[in-house]
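Look for chain A in each of the two complexes below; its partner is chain B in the first and chain C in the second.
Entry: the complex of A and B
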């Protein structure tokens, strides 16, 4: 709805006729809305400056041939970079690895996080201690944690491997170690989000379910999970988006060797190592699009309530 | 359908709180029994122990003669209606009501038939496919009832099922609950702290105080023969009037003056070894405008009407009588429960129910009569009713 017509309507004494069946806003509502726009303006401007500009700039770069090794060959080439990336085997391998790590680690995190959340929710004695202990991995800087996993699995120093084997030098063992590091690190976060959801399940509802004849598992699957579904979906959304952009664990553990590179690693390699701004930006834009699609699926298909929307999830 | 027996049931919470103490109760098959008492007296705890939602610390609970202390709620075949209704928000009304049947693995056709039958009884047919969140309070309440009745359990337990409804709806639902219970003939334990519900609904009422059973009996019996001060003050609305009194040679001396007790009461008091100092209780309806009473034995006094409420069929007149007030632990607790501790007592306030033809006028003095045969005498130390007869 256009702001200008509203402002002129405000000066006329009679209420503006409703267009296209829209109920005309009252004077107070309109003033409130104007005030609201003014109040968010500074934040919106900062947001646009720090996120909008880089996004637009990378989209622009992705449409150019721009390799810093050959700066004089810079040229607008349309979608050619996209063609190059999307027909590249390395990109698709990285994409597959990223998807695999994302899906497997998020599923494991969900299951473990739920178990932890239930334990934390039910613990009566030493609740504070239990919660603190569970949250330790999440409090450790990712790179530090990644290095400790690296040293644990490294052939020379590793206390988790024998001196013969070298899991970090072959693809699948590496990927599972990466997943392990991810899961270890972010399960507490998942548990925390899920615990907030558990608190939303009224005690009476579970009592009613016991009276209705449900055993513990049925109470969990038929009452608890459906009621806390909005919280579960939000947790999944956050973790999926996060996991899809996985970088530091891979960087430290394998530096992307042996086909363990993620899309973020690929982007980093092209952009900052290869100094190919065109291709790098193209990859960044593709990640952006993938993330947007994931978010879209979660919100539209699963009915996740986007953080900040007032309605508590579609029912 | 079942007989439920509570045999010296005690509940001690892990934090040491003694919520229910040695409750003995025999609930007959098909009986509608009410647990009533002020907040925190252990009503919900008792109900939850019958349901199996709380462990029983001591004593034995028997359903149809079988000990069920160790049985899980789902194996007791009892349905419960919660104050919050506890409807599953993600299920439609139909699914909510079908839930217990589905868990019991009842076949589809039977489930549909039973749900439809319950919906018919509870007038929910038009709402079967709606979500609980979109229903009114009364409708939600009926869904909760529906979920309880579909599987024809041995007993219903209801924890203040009507207290979230507005006054008018509560009266309506009270009648429907009563009718429904009569129709189904299912043993029902109903918790309330509303003494009107207690009086109107149940076959028998159990008055609890601080986890102890004070008295069990039919509503009328509890009203006429309260076992102690607490029950006397709790049952009845407006409440019984209490006055400090002294008993001398068969005459009772209270701030209302001296009255000769009837032979019946005198004999009862003697038999109970009544102390000299005691508390006299008189129900509001045992007062009358002195002009309308002729020749009946009783006491009389004159006081100024503070407030007059005309109910149409009769009039409530409020007075303040100078002098000492009756105070005991029981009465203080009752006052606290009624939220009337803030009244600065410069004297006892008295509520009377007078005939509509009374000429009482607010602010004017009025001659009043009270029935000396209906006075109840209580021991201030133990709270026991000295005029109690089985």
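Entry: the complex of A and C
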């Protein structure tokens, strides 16, 4: 052991001058840089090749008239596709539905997730059991869960509906069933992130607060929440962006009928049903911009406690 | 884990006298209360799963009886799906594509995460930033361009056509989780082993690999679950049984005969692809929780 401390003591002075920068790098430092770049190269190349180039290509396609039914009419038409999409009622309905589902389900997930996190953190019996079963909704294939809800609410087979009502054929009941399916599936993930935050709350602090006469609610809002804030923000950001991309549940539950389409559904339909690459790409770009705006707002509002800031930088 | 429990009991014991609410729950009463809450949580998590399981065992006549449990049990749905090429090839595709994607993503992710956690080099922040961007990227935005690109270069409806986007979206997850694990490894041990005369290869094999293995394994599980669950790419970038995975194939099921509602067979297929998830969860619960939370919460 003493040997190892000697070694670290001997090596630590070395990086210090190198970090100061402009002075010529030592051979070891340069080797480290080269190794680092070689190690990240494959991952970086794959990630950029599969996302960077396609998104640029997508922007290009969005400026073209490009319908695979009429491939010879392919033509550069500037922003006309954007005009067509942005003046289209279906697009804005889908946008509204997506926003509504995102906001409502994330709020419910936050509340339920917090409850679930407290249960998993505090329960005196069956802690392992509770943690194990809550991972099932997280892990289960979304389409499978969606089919379970579909059969449960389906008029023919469902244990949740009578024979007269058909909730999946009208707009609002469908939307709430979609939200239910979404909440069921993703609350455990939220709860796990929040539980990691709960583990950071020092017990002493809670004890001290209750000595000072704080009741359970005060201990929660005044002690736990402030300490957990970074964890809450990470969970909210990830879930909001994820909910905005909602596709699987809607596809299975309603296939987007009765005005229950999300923006992802609309894009998919225009692309693979309509085979209209120009319009599909325009929607893809608009979704990309929306997500970027959401992420930007989160990070601006909540500052540097955003994810990846551990040493990832101040973005 | 045991520390946690000690803390909780420690914390709750002195509390009752301090508060004068009168109702002092006995240890046993408290346990009963928690047991009831636990049962609620278990029911929450399991009811949809049990429902699809129940449907998969119902007979064709019983499918529409609206009862939560089958009145008559049958294996017919399972026998039926394994007779259809549709399901069997989808299952092979699912397993193959998810495994290959997982292996590649974990290997590339391990290399990158090691560099991020251990080495000092320019471009590190850029890599972390790019991974974060991709983790938040709306996947549907990639579907349109990838659809056209893959059609043009012949990757549409092939295994690599799905494996590539899966690797891409799994990499951020792998890099985050693994670099969080790698930061925890006491790397001085490697130097100590070398001082004691181990060769670099021995130091890696005997000291570092055993310490890193749990993290790599956990990451592999998370990545596999991600690939196994994907629906959007699977349904957009495939068109035949040659590469369609089970989640996508489910929505094309027509039932054993053309005139039968496919509900029973869909349920049976759904149960089959849920089994690996249940096994992972049962055996590796602690690791999955650690893996999910390590990357995300660093303050």
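We take it that the second predicted complex is superposed on the first by the 266 of 315 C-alpha atoms of A that agree within 3 Å, B and C clash if a C-alpha of one lies under 4 Å from a C-alpha of the other, contacts with A are read in each partner's own complex, and residues count from 1 in each chain.
Going forward, a contact is a pair of C-beta atoms (placed from the backbone, for glycine too) under 8 Å apart; a residue touches a chain by one contact, two chains touch by 3 or more.
Everything numeric here is computed off the predicted structure, so don't read it as measured data.
Student: Does chain A have more residues touched by chain B or by chain C?
Tutor: C
Student: Could you look at A:39 and tell me whether it touches chain B, chain C, both or neither (first, second, both, neither)?
Tutor: The answer is second: A:39 touches chain C but not chain B.
Student: Is A:251 in contact with chain B, with chain C, with both, or with neither (first, second, both, neither)?
Tutor: second
Student: In the overlay, answer first, second, both or neither for which of chain B and chain C A:223 touches.
Tutor: A:223 contacts chain B only, not chain C.
Student: Scan A:211 for contacts with chain B and chain C and give back first, second, both or neither.
Tutor: Both chain B and chain C are touched by A:211.
Student: Common interface residues of chain A with chain B and chain C?
Tutor: Looking at chain A, the two contact sets intersect at 207, 210-211, 315.
Student: Taking the complex as given, what residues does chain A use to touch chain B?
Tutor: 202, 204-205, 207-215, 218, 222-223, 226-227, 229, 315
Student: For the complex, which residues does chain B have touching chain A?
Tutor: 51-53, 72-74, 78-80, 82-84, 86, 88-91, 99-100, 103-104, 131, 133, 147, 151
Student: Inside the complex, what are the residues of chain C that reach chain A?
Tutor: Touching chain A from chain C are residues 1, 4-5, 7-11, 14-15, 18-19, 30-31, 34-35, 37-38, 41-42, 44-46, 48-49, 51-52, 55, 63-64, 66-68, 108-109, 111-112, 114-116, 119-125, 127-132, 134-149, 164-165, 167-168, 171-172, 175-176, 188-189, 191-192, 195-196, 225, 228-229, 231-232, 235-236, 246-247, 250-251, 261, 263, 266-267, 270, 273-274, 277-278, 280-282, 285-286, 288-289, 292-293, 296-299.
Student: For the complex, give me every residue of chain A touching chain C.
Tutor: So the residues of chain A in touch with chain C come to 1, 3-5, 7-8, 15, 19, 29, 32-37, 39-40, 42-44, 46-48, 50-51, 54-55, 57-58, 61, 116, 119, 121-145, 147-149, 151-152, 156-159, 184, 188-189, 192-193, 195-197, 200, 203, 206-207, 210-211, 230-231, 234-235, 237-238, 241, 244-245, 247-248, 251-252, 263-264, 267-268, 271-272, 277, 280-281, 283-285, 287-288, 290-291, 295, 305, 307-313, 315.
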